[in-house]
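Two complexes, one shared chain (chain A), two partners (chain B, chain C).
Now for the complex of A and B:
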């Protein structure tokens, strides 16, 4: 009986007991490898099989013409419209040669050629300031933020507009990605402090402060951005004393900043509401006043929670910047549209190429930012939320 | 100087006693602060109004809303109601508003259908289908709507061949650079009977479902009220339709010369706007739906199975009601976004409220302040009505927790 308890090579009393382990047999072929994967994910049930076949047919219908247009039939090099004309029944896809020819304009608009280094330098400064802020491990966040919110805007303004020995470049000459980024970044930076104030106001116990904040927020959130831009471009000059003439870009910036401040306020309010009440009470118990407790206890936590929300509002603001073309500014989309009328490059596929290129530019920015926002969301998941 | 006005709980600071000056009394501070705010806002408002009046006077622009009853003098491409060039600006405003509502209503329906399909496809166990749905969502969500609208309008619909070489579709429809032409249903005599039948069938189906629920509550016996109701709603109007002598006839478009005559024309501007709004908003709705379904914990499904519910009933009775509670608030805000985004119609030349009123009327009359004020008010009213409905709905469906 004891042999059963300790089977082994020397368990002679029961020779039918194996001395060695059976090597594990491989799993059934239908559950591993590409075949098993396909079985599980594509052909597990009749309904699933039907879905796979229909989707595959759909892809076969959509993808090859798309690839042909984008790559195989596309024109990659050329000097003028001749390259992109469908002569002798030739299939012509995207006219990338046009993008190549207009690339400088798409980036800078009509910014003078010999001054474009200023835009490049601004972009370099911006990236140099932003990247350390975006990577959580890099220290000196506070100093960096202050620098980005104070020194950088001044430097960027001088570099882009002029002054201090640099020749002035009128904003009417700005365009392309430059305008898109200027509008989006200014909008978000200006809307952050205003949004925080409005969010605090909306949660305030003072009835008038609260009412004013609610009215302000709900007004801007209730109207489309395009009417805001119309208002900024048509009515703002009327509101100011006569003689004060506003730059068109500045008018759009004011409209965009007010509009996005309302959305920012709601984002920040979400963060404020997510802070447990105990934090407010603890701050009060420490003897902190309202502004002290907000500045030292509540806002640092609340703003950290809403970083993904802020990035998301930045994404929608970035997409919305394309609307400035309706009031006559030339952002990426505007400058691309403007260039459709170039007779040197009038070919049937040029408009589609331009729009697809603009779409790719916007997509890269927005998708990148949304991924970053998801990454931050995962990182910040510290169980604070209720 | 600190303001102790809105600190969540500063009972002590209010009772500093007689030693402290009233400077530190939070109530007094709050009042002072609010008075300052009101005075500041009033001054700012007065300054703006004053400047506006001065500027308007200097530019010799009259003000007031009397322009609404003067002759508009421009035509509108799409008119849901009768409108001629001699009608008033007020009537033009109405046409624009109706055009906005038409495109928003159709867009909402289409975007909901597409969005739900894509959202569910993204959750599908089928890898290929889920990936295609993800690619759809991630592509169209990250491209500005204006760009999509211009793409559909200028790069797709405008470069289609003319009507003679247009793409022939079934039932005499035709897709060309003049738009999509489809057969037009012409309503003949006796149609009231069909409408009446639909109303009766709906009422009967509603009553049936109430009766069935009451009976199930009382006796436990179930009745396929959904199926019976559907049969009622389909069969009764069909019967009435045949009985009335088939009052709906289709008017097929016919090619005459260089264009089509008859039929219903969906103009390229309208199609581009609808296509763009639908595709863009559907990508957001898909995410809303996905989040809603994922928000119902798996334990709910398991509990339903443990109670012996079949998968279809689990879906219908357990998962969907709970998911809808999560889905509906963000869904409404997407509907609102779609309505507000329909103002981009001005970029593709669809005569919506902004294009007609804040475009043509503003340019003709020069009454910028009044026109922008009216336009913004319309959107604001739509938003506030939707928000009010949402609050009511949320209060109705909110979980009553312990």
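Now for the complex of A and C:
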């Protein structure tokens, strides 16, 4: 009893007075370590136990054949269809040899072999510009962004298309991942600023600006992307004076950019609506003008709130690029499908292999975007939501 | 209604001097929200260095009135002249007035994505075009005045309500305003934080700031205000110096209101 403080004169009137404070102690063993984890997450209730068992059974049923197909029975090397034919009752899984043989096409389409370094160089420049932008610690964000939005597109255009001594490579020859990335990146980069402007326009007090924004957004949201692409490639030339020829890829780019801008606008508007009125008022009361308060106060908060929505749009845009097949452009998926008809490589598992490979390519990019956005969300958290 | 008693606040009235220049003038101001006549024939002249406390029942138009002074709300009839500039639809004039008038809100309205220091330097840098270094030095000075310089690099979400409101006051002061508007600056705060904010406001009054303050902190009104205005149904019902206002209210409504809030 020595550690109990002697009750003072006031404490006599209290029902209970703590004499000593309890020091913190480690949690009981059953909540930590692998067993603790398993107990808590897998076997904590009858329902949980049943779910765990069912899941385990399902995995046991699905995973081994999948692994067989993807890895153990897969064909990794080969010169032609012979390698992937199921002769003598042999089990044949994925025909990765085919992917290997077509890899160049999947990346570049029919871009001339001796010019493919230009695509590589463009990709290198892109990565070299993007990575320092994506890593928060790297300085010179503003300068880098300006370069990426001005110099890089010009350089990429000259490198990919030609001019200044480089032979012209018509966009009809572009294909594969090159087309996928050109369409997706242009769409993403153009749709965000355009979408922000449209969102601001839709909330504008000026009737004309508002009406134009609403009409634009509702028009593009109301038509399917396939229709947009189809109209861009088939209908547009009917309206243009003969002789004026718009590049097909360019038309697709514009169509995709405007289409996704309309979606982006609604996503951003959601964010703008979530910002309390007090933020607008505080900014105005301090003398910030409309564009200043948008840029410095409102948009940074609004965009942060809708990062999941923005990235959602980016991801669906990235996947929608495969629709350019409709107008005769061959993205990753298009090129892969095109190559199914190669007689040298006609084997039963080739189509499945092709689709699985296309899925993997799309998944890598989309998952990457998703993870990066989650990282940014955590980083931008300043603890104001309690 | 928890009120800080006047005795708990120490203010030195001898430091608060009223000048002869007019800071804010409202002449026959009327405002409607649609059909609803929210401000009715408001006439008010505020001289430099005056500390005016505005009180009245909820919905009486107190917020609306002071928000007209920096054009967060637009009036439809009458004239409002702030520091010699009349508020009209002219955006330039509005910006001019807003640069000279600071405002503190009930819910602080700090910018949650910026640190305390960035909150304070934003307007000086972008509106006053002050160099960043200089703006930061000034901001630190004001943060010291409101007694939280050590919080400069935290985010608003990491501060208590009282601290946030003191930051909001410092943020307004960084623009070097001639007039400060307060709209119930302490009514969203827990009782123990009210005094720290009122103390800051008192020292602001002692520095000679012109203040219009919507508040129900009657202790503050007694110690600091040189005029108390009672509003009801969009009109100024009574105004007087605090002593007379509290001991000898003239109007029936004022008496009723005071009896309700001064238990």
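One rule holds in what follows: the second predicted complex is superposed on the first by the 298 of 386 C-alpha atoms of A that agree within 3 Å, B and C clash if a C-alpha of one lies under 4 Å from a C-alpha of the other, contacts with A are read in each partner's own complex, and residues count from 1 in each chain.
Note that in this section a residue touches a chain if its C-beta (ideal position, glycine included) is under 8 Å from a C-beta of that chain, and two chains touch if they have at least 3 such contacts.
This one's a predicted model, so the numbers in the text were calculated from it and none came from an experiment.
Contacts of A:166 after superposition on the shared chain: neither chain B nor chain C is touched.
Once chain A of one complex is fitted onto chain A of the other, the partner contacts of A:286 are limited to chain C, with no touch recorded for chain B. Legend: residue contacts after superposition of the two complexes on their common chain; A:300 is shown touching chain C, with no touch to chain B. By the touch criterion defined above, A:67 lies against neither chain B nor chain C after alignment on the C-alpha atoms of chain A. Within the superposed three-chain model, A:278 lies in touch with chain C and out of touch with chain B [touch as defined at top].
When the two structures are aligned on the shared chain, A:224 is found in touch with chain B, with no touch to chain C.
Residues 281, 284, 289, 292 of chain A lie in contact with chain B in one complex and with chain C in the other.
Of all residues in chain A, only 41-42, 44, 48, 51-52, 55-56, 58-59, 200, 203-209, 212, 218-219, 221-227, 230-231, 234-235, 237-242, 277, 280-281, 284, 289-293, 315, 319-320, 322-323, 325-326, 333, 337, 348, 351-352, 355-356, 358-359, 362-363, 366-367, 370 touch chain B in the complex they form.
Put simply, chain B touches chain A in their complex at residues 2-10, 13, 30, 33-34, 37-38, 41, 48, 51-52, 54-56, 58, 124-129, 132, 138-139, 141-148, 150-151, 154-156, 159, 340-341, 343-344, 346-347, 354, 358, 362, 368-369, 372, 375-376, 379-380, 382-384, 387. Interface residues of chain C facing chain A in the complex, by the touch rule stated above, are 70, 72, 95, 98-99, 101-103, 105, 107, 109-113, 122-123, 126-127, 155-158, 171-172, 175.
Across the complex, chain A meets chain C through its residues 276, 278-279, 281-289, 292, 296-297, 300-301, 304, 380, 382-386.
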